[in-house]
Amino acid sequence: MKMKQCSLQALEEYLHATFNWEVHDQALNGIQIANERGVSKLGVGVDFCDDLISAAEKAGCDALLVHHGLYWGRVEALVARKYRLVKRMMANDTALIALHLPLDLHPVLGNNIGLIEALDLVHSGNFGDYKGNAILFEARIKRDSNRKSSNLEQKYASIDFKDLCTRYKSRIGSPLMTLQAHDRSVERIGICSGGGLFGVDMAYQHGCDTYITGDANHIAYHQAKELPINLICGGHYYTETFGVNRLAAALQKKFGLTYQFFDLPTHL
Amino acid sequence: MKMKQCSLQALEEYLHATFNWEVHDQALNGIQIANERGVSKLGVGVDFCDDLISAAEKAGCDALLVHHGLYWGRVEALVARKYRLVKRMMANDTALIALHLPLDLHPVLGNNIGLIEALDLVHSGNFGDYKGNAILFEARIKRDSNRKSSNLEQKYASIDFKDLCTRYKSRIGSPLMTLQAHDRSVERIGICSGGGLFGVDMAYQHGCDTYITGDANHIAYHQAKELPINLICGGHYYTETFGVNRLAAALQKKFGLTYQFFDLPTHL
Amino acid sequence: MKMKQCSLQALEEYLHATFNWEVHDQALNGIQIANERGVSKLGVGVDFCDDLISAAEKAGCDALLVHHGLYWGRVEALVARKYRLVKRMMANDTALIALHLPLDLHPVLGNNIGLIEALDLVHSGNFGDYKGNAILFEARIKRDSNRKSSNLEQKYASIDFKDLCTRYKSRIGSPLMTLQAHDRSVERIGICSGGGLFGVDMAYQHGCDTYITGDANHIAYHQAKELPINLICGGHYYTETFGVNRLAAALQKKFGLTYQFFDLPTHL
Amino acid sequence: MKMKQCSLQALEEYLHATFNWEVHDQALNGIQIANERGVSKLGVGVDFCDDLISAAEKAGCDALLVHHGLYWGRVEALVARKYRLVKRMMANDTALIALHLPLDLHPVLGNNIGLIEALDLVHSGNFGDYKGNAILFEARIKRDSNRKSSNLEQKYASIDFKDLCTRYKSRIGSPLMTLQAHDRSVERIGICSGGGLFGVDMAYQHGCDTYITGDANHIAYHQAKELPINLICGGHYYTETFGVNRLAAALQKKFGLTYQFFDLPTHL
Amino acid sequence: MKMKQCSLQALEEYLHATFNWEVHDQALNGIQIANERGVSKLGVGVDFCDDLISAAEKAGCDALLVHHGLYWGRVEALVARKYRLVKRMMANDTALIALHLPLDLHPVLGNNIGLIEALDLVHSGNFGDYKGNAILFEARIKRDSNRKSSNLEQKYASIDFKDLCTRYKSRIGSPLMTLQAHDRSVERIGICSGGGLFGVDMAYQHGCDTYITGDANHIAYHQAKELPINLICGGHYYTETFGVNRLAAALQKKFGLTYQFFDLPTHL
Amino acid sequence: MKMKQCSLQALEEYLHATFNWEVHDQALNGIQIANERGVSKLGVGVDFCDDLISAAEKAGCDALLVHHGLYWGRVEALVARKYRLVKRMMANDTALIALHLPLDLHPVLGNNIGLIEALDLVHSGNFGDYKGNAILFEARIKRDSNRKSSNLEQKYASIDFKDLCTRYKSRIGSPLMTLQAHDRSVERIGICSGGGLFGVDMAYQHGCDTYITGDANHIAYHQAKELPINLICGGHYYTETFGVNRLAAALQKKFGLTYQFFDLPTHL
C-alpha cells in the first residue's frame, strides 16, 4: 500500500476546523516548525525532546505530533538546547506540530476524554472557569446494567475509592500518589489531565468527591485532605498519552497518513 | 524553669528587622492570625494544616510558626476548610506566623542555607533574577583539608554525581527523583528549596552543572536532561524543614520562648 | 410559631439564582464567614461593625446580612480590628452574608429601586457604563392621575427642585447636601445609592437634569454646579438601608426565616 | 508701585526647581493653560471653576493659581463645561497653573504643613506609602515651655481630644465631622489635607492615635471607631487653602508678582 | 439659496448612529472642540493644523471635519502648539469634529472603500484582527464584462502588478514606494489606508498577494519582499482624503450643510 | 595572515560588558541563532534578510552582525519566511548576532554618535525619557577655530538650516525629507537614528531647534512645522549603518576577527 501524503497547510486547516483555538494557552498551538517535504508518516509523542527526534528519524517520520512543543509564551533565542533541537529538525526536514490545551479539552480526541474512557467512566459535564473556559471534566460511574436495582431512576452508580484506585492501576498503571480524604463512596469525579492541581478546589466547590489529574504536588496535599476530596495523581506523562494518539488516528483516517507512537515516559 | 513570654508585636518587630520584606511574594508574610495571650511556646511546622493544629493544641502551644500559611494572594471567604482552620485557631487562642520567601532566602536562618549545610557544601554566591531578587543559591564542594593537593590554589573540590546522591540520601533522605544528565564531575550546584524548577535554566546559564530543589515535575525532565544539568529533587517538604527550625531556635535565643517541631511530611 | 431554619448552602444558591454576579465589584459577595448552626434569624444592617455584632448577639441572630462586609479586594491578615470582628462572629457561631453591587442594582430588591419607590418616582431606565454594566438608574416624575391634563400623551410629569428636596426630606430624611444648579424643572433624575458621584457627568450626558446619590464630596461640587445638574446627596448610609431590608423580607418569605433590622446610622 | 511681570517659562522653571515632580499624581501639574501676556497678578483659589474665573477677571488677574485644575488623567473633549471654562480663560488671556500632590507634600509651602502650623502642632515625620512616596505627615503636640515639667526629657506634650477639637474650631473652623474613638490622650496625629481617608489604617499602623484630614466618608467611620483612632474631618476645601496661599506668597517674594486669594468654599 | 444650519448635538447623534464606536482607537472620536454658533459650512481636511484653520477661516467655515484631530490618548496641557491651535479655534468660534478609525472602516463612507473604488476594485471581504475588529479590507479585480470568458464561473479577474501600479498612478497619484515581491498575477489585495504596515503579515496569512497602504517604512521592506507580498505605499495623506470628503457629502445631504475640502498634502 | 577565531561565548561576554543591557527594548539583543564552528569572519548588515544571508554565504562568513534581527517581542512559529531564514542560517552553520537599542545608544560605537561624527557635530548631552532611559542625543555646531570671534566665551557655533541640509547631503546622502519650520539659525540638534519621530516633541521641549532622525512620517509633519522645529529625516537605513560597522571594527581589534559590510539599502 502506498503511503498518502498531505501538505502542512491541509493539516493546519484541519486542526483549525477541529479544535477550539479560543482557549487561553501559553503554548503556541499548531505547526511550530515547518518542513519542505510535506507529511506522510507522523511520529507521535507526548514531549518534544531529543530522544523523540532520534526515534522519529530512525522510523522515517517526516513530522512530529506532540502535546508539549517548543514554545511556551517566552521569546527565546535559538541557542543551546533550543538551537540543537531546531537544527536537528531542520536537518531532518521534519515538521513539528503541537497541540496543548485544545487537545486536552476536545470532547472526542482529547486527553480528558481518553482518561475517562480508559477508566470506563461516563463524561457527565464540564466545569471550572479557567480564563473564560470550563476546562475541567466531570465523570460519573457507569451503572451495572446486569444488576437489578431497586432504584430504577438512578442514572449513575457509586464505587469505593479503593476500587477506583485498583481500576486505575489495572487499566492505566500505578499512579504517582493516591490520597483518600473521606469515607464516602465515589460518585462525582473531577478530571484534568497533566498539571491539573489548580482545579482541586473548583472540583470540590462543584460537588466532586474525587479528583483525578496528572501532577502530584506538595501544595495540594493538605488542601485535598481537608476539603475533603480524594486525589489520584496519575502522573503528567501517563495522563497525556491519549490525546496525541487519538488525534493521530483521526489524521490517519482523514488524510491516509501513517503514524507511530513513541513511548518515552518521564515517570512524572 | 519558668517559660518566658513575648508579645506578637515584639515578634513582628523582630521579623521585620531580621528578614528581607521587599522580595516579591504571593504569600502574606508575618502574623496571619493574631491571638490574645501572647507567645510562650511555638509549634513549628512546614505546612499550616489540621494535623498541625491538633499537634500544637495537644502540646500546649500558643502560636504556630510555619513556612506555608493561610494566604496566597487571593481574597477568599472564611468558609469550608478556611473557616474550620481559622475557627480552631481562634478557639484555641493560637496565633499563626508564616514566613515564606523571606525565610527561603535568609543567609543564616533560611531553607537554602539549611540544605547547603546539611549536605556539607559551601554557599558560594547567589544568582537568578526573580522579579528583581537573586533568589537562587550557588553551592560548591568543600576541599578535603586532610588530603594533599597538587593544586594548592583550588578553592573548591569536585564530586561524582552518584556520590552527591549518596550523600543526599544519607544526610537528608531519599530524594523523589534524581537525573544524571552528563558525565562531568559536579562542581557548581544551584540550590532552591521547595518549588524551584523555574530555576533550572537560570542555573545552567549561570554555569551550574547540577541543580537541587524540592519539587519534581514532568515539564523540567527533558529540559534538564538536554541542557544538560543534573537534577536532585528532594521533595518540597523535606527541603523546607530547615528554615522554620532555624528561625524557631533564633526566637528561643532572642526571647526565651520554647518551641517544638511537628514533623508532618507529605512525601511530596 | 416555630422558627424555620435553612442551611447556608440553600441561602447561597438562592443568592446566586436571584442576583447578577457578573458585575465587577471589589467586594466579595455572598457568604463571607460561615457558621455551624445554619440560619433561622437574620440580623440585618448596612455595615458590618462591632455594634452590629453586639445588637445581633443580644437579639439571638445566627447570621448577619449586610451591604458592606469584611472583604474589599485586598488580602489582609486576621489581626487588630479584623481579628476581633472575626473572632466575635466565630465565638457567637454567627455567619456573615454580604451583598454589595448586586444588591444596589437589583430591579426589585435593590437600593436604587428602594430609593426610587420611597420618593414615589418611576424607574424609567438604566444608563452609565461601569466596566460593562449600566449601573445608574433613571427615574421620572409620576403624573398626577387626578389632575386633568391638556397634554394627554405626556407619560411623565415635572417637579420643582425645591419640591423634590422637600419630598426627599419628608419621606427619607434631611440630605447631607443639596445643590440647585439651574432653574429648569426636574424631569429626568439619575439615581445611584451610596458612593455614586462618579456618575454625575454620565447622568448629565444621558440627559438628566438632577442626580440623587449618597455621598457628598468636594470634587463634584463645581462640576455639578456648572454642567449644570442639580444634586441631592442623601448620605451613604441613608440611601443604602433599602436593599438589605428588601432582601431580608424576600428571604423571610422564601425560607420562613425571621429578621430584625438594626439601624446604626453614621450620618455620612 | 509698578507691578512686576514674569514669563510663564520662568514660573514653570521655578515650580520644577521647588517641588517634587516624581510623586504619582492623576493631576497634570504645572501650567495647564498658557496665556500670551505673561503674569503680573495671580488670582489664587482652591478650585478652578466659573466663579473663580469671574472673580479673577474682575480683579484684573492674568493668571490663576489653583490646587484643583482642569485635568485629572482622562482625555476629554473641549465640550460643555470644559469648553466654556477654557474659552473664558483664553478670551481673558489668563493662564491656569495647578499644583496638586506636589503642593500638599511640600514641607514649607504645602497644605499639610499649613494645617499643622495653623493648629500650632509640630511636624515630626512622614509615613504611609502611596505608590512609593511617604505622603502622610505626622504631627506632635508642642510642650508648654512655661510649665515646669517633672519629666524633662519628654520632647512632646499630650492633649485631650476634646481640646484638640476646640483648638481646631477656633483656629480653622468647625470641622465636618469629629469622632472620638478612645479615651487616651492625643499624642501622635496623622495629617493629610483633602481626601485623605485612605490613610486612616496606615496612620493607626504607624502608631497615631488621631487622624486629621479633609473629607468625611461613611466607609471610614466604623474603621476609625474600631481600630481605634480619633478622626477630625475638617472639610476638603478648608484643609486645602493653605498651600496655594503659601505658594503665591513665595512667588510674590521671588518674582515681585501681586496676588489675591478668592475664598469660594464648598463647605465640603 | 439660504444655507441650512445644524446643531453640534444633531451632528453628534448622526455620527453615533452612523459609525462603529466600539473599535479600539487612541483617537478621541467625535466633537473635540465645541462652538457656539452651530454648523452651516464645514471645512474639510485630513489633518487638523494651522494652515487648515487659516483656510477655513478665510472660507467662512464654522466647523472643521478632519481625520486626524487634536487628541491621541495622552492628557496634554494647553500650551505651545496646542494652546495656539485651540485659541484660534475658540476665537473663530469654530468647532472641531474628528473621525479616525471609525471613518477608515465605514463600508460606504470610509477611506478604505474610497481607495478601493478609486482603483475600480471590488470590496470582497474583511480580515485581520486588531483588538477584536477585522479592520483590513480585501479587494479583488473586476472581471471585464465585455470580454468573453471560457471560465464563466470565475467571479474575479487578475492583473499584472505593473498594471496595478500604473492604474494607481493614473487614478490616485504616484505612490511613495512600490515593491514587486513575486511574479504571480495580482488576485487578492489587502487594503488599509494610512498607517497600515502592521497588516502586511496578516494580509499574507489571509492569502493576499498584494497589499496597499499609506505609510512606507523600512521595517516592512524585507518582510514584504520575502513573505512574499507586493506592496504599494500610496502615502498616508493621499490614502486618507476619501473618508472626510464622503462623510462631508453625506452631511450635506442629511442636514443641508455646505462644505469645502482644503487639500494640504504632506507628501508623506 | 591567519584568521583568528573566537567562540560565541567570548563574543557574548564582550557584548554584555560593553553595552547597556538595561534599556527597555522589544528586540532580543545578543546571539539570536547559535552556530557550531565559532566566529572568524563577520558579515555585517543593517537588516537580517535573505539577501544578506546570500551575500554572507558567498563571502564565507560564519556569523552575521545586524541591527535588526529576527525577534521583536512576539513568539512566532518557525514557518514561512522565518522558517526559510532560520533554515538557511543553520544549514550554513552561521550564527546571528543582533544589537538594537544598546547599539543606538552606545557613546562610542553607536548609531547616534556615528551620525553626529559623520556630520562633524559635537555630542553635547542626552535627553528624552524613554521608559527610564535618556535615549535622545543632543548635538551642537563646532566652532570654526580658524575664525576670530568677538565672543570668546561661546563654546558652540550656529549654522543655517539650508547649510546643515547641504552638509547632510554631501556627507551622508540625500535625506528622505527635510522641513524648515522657522527662520532661526540651527544651534541645538536632537539626534535619534532610525525610527525616532516619537522624540520630536521631547526635542522641542528640551530646547532643540532642529531634529535629525531616520524615518519620515505623515503624523509628525504638522507637529514639527508648528512647534516649530526643523526636521531632517535621513532614512531609517542610512542612519543606522554606523553602529554595526563601528562594533565590527571593535570586534576585529579585540578578537582579531575579519568583517565585511554588505550595503543593502531599502531607501526608506
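By written order: A, B, C, D, E and F. Residues from 1 in each chain.
Note that a contact is a pair of C-beta atoms (placed from the backbone, for glycine too) under 8 Å apart; a residue touches a chain by one contact, two chains touch by 3 or more.
What you see is a predicted model, and the numbers here were worked out from it, not measured in a lab.
Asks: Treat touching chains as neighbours: how many steps, at the fewest, connect subunit A to subunit C?
Replies: The distance in steps between these two chains is 2.
Asks: Could you tell me which pair, B-C or C-D, is linked by more C-beta pairs in contact?
Replies: C-D
Asks: For the sequence-identical pair subunit B and subunit F, what is the superposition rotation angle on Cα atoms, to the nearest 5 degrees?
Replies: 120
Asks: Could you tell me which of C-D, A-B or B-C has an interface matching D-E, in the sense that over half of the contact pairs are shared by residue number?
Replies: B-C
Asks: Report the inter-centroid distance (CA atoms only) between subunit A and subunit F in whole Å.
Replies: About 49 Å separates the centre of subunit A from that of subunit F.
Asks: Averaged over CA atoms, how far is the centre of subunit E from the centre of subunit F? Could you give it in whole Å?
Replies: Chain centres of subunit E and subunit F, defined by C-alpha means, are spaced 33 Å apart.
Asks: Could you give the separation in Å between the centres of subunit C and subunit F, each centre being the mean of its C-alpha atoms?
Replies: 61
Asks: Two-or-more-chain contact residues of subunit A, please, as numbers and ranges.
Replies: Those would be 80.
Asks: Specify the contact topology among the chains shown, as one of line, ring, star, complete or other.
Replies: Topology of the interface graph: a ring, with each chain touching two neighbours.
Asks: Can you list the subunit C residues touching subunit B in their complex?
Replies: The contact residues of subunit C facing subunit B are 8, 28, 30-34, 71, 73-75, 77-80, 83, 86-87, 90-91.
Asks: Note which residues of subunit D are touching subunit C in the complex, please.
Replies: Per the touch definition, subunit D meets subunit C at residues 47-50, 68, 80-81, 84-85, 177, 194-195, 204, 214-219, 221-223, 225-227, 235-237, 266-268.
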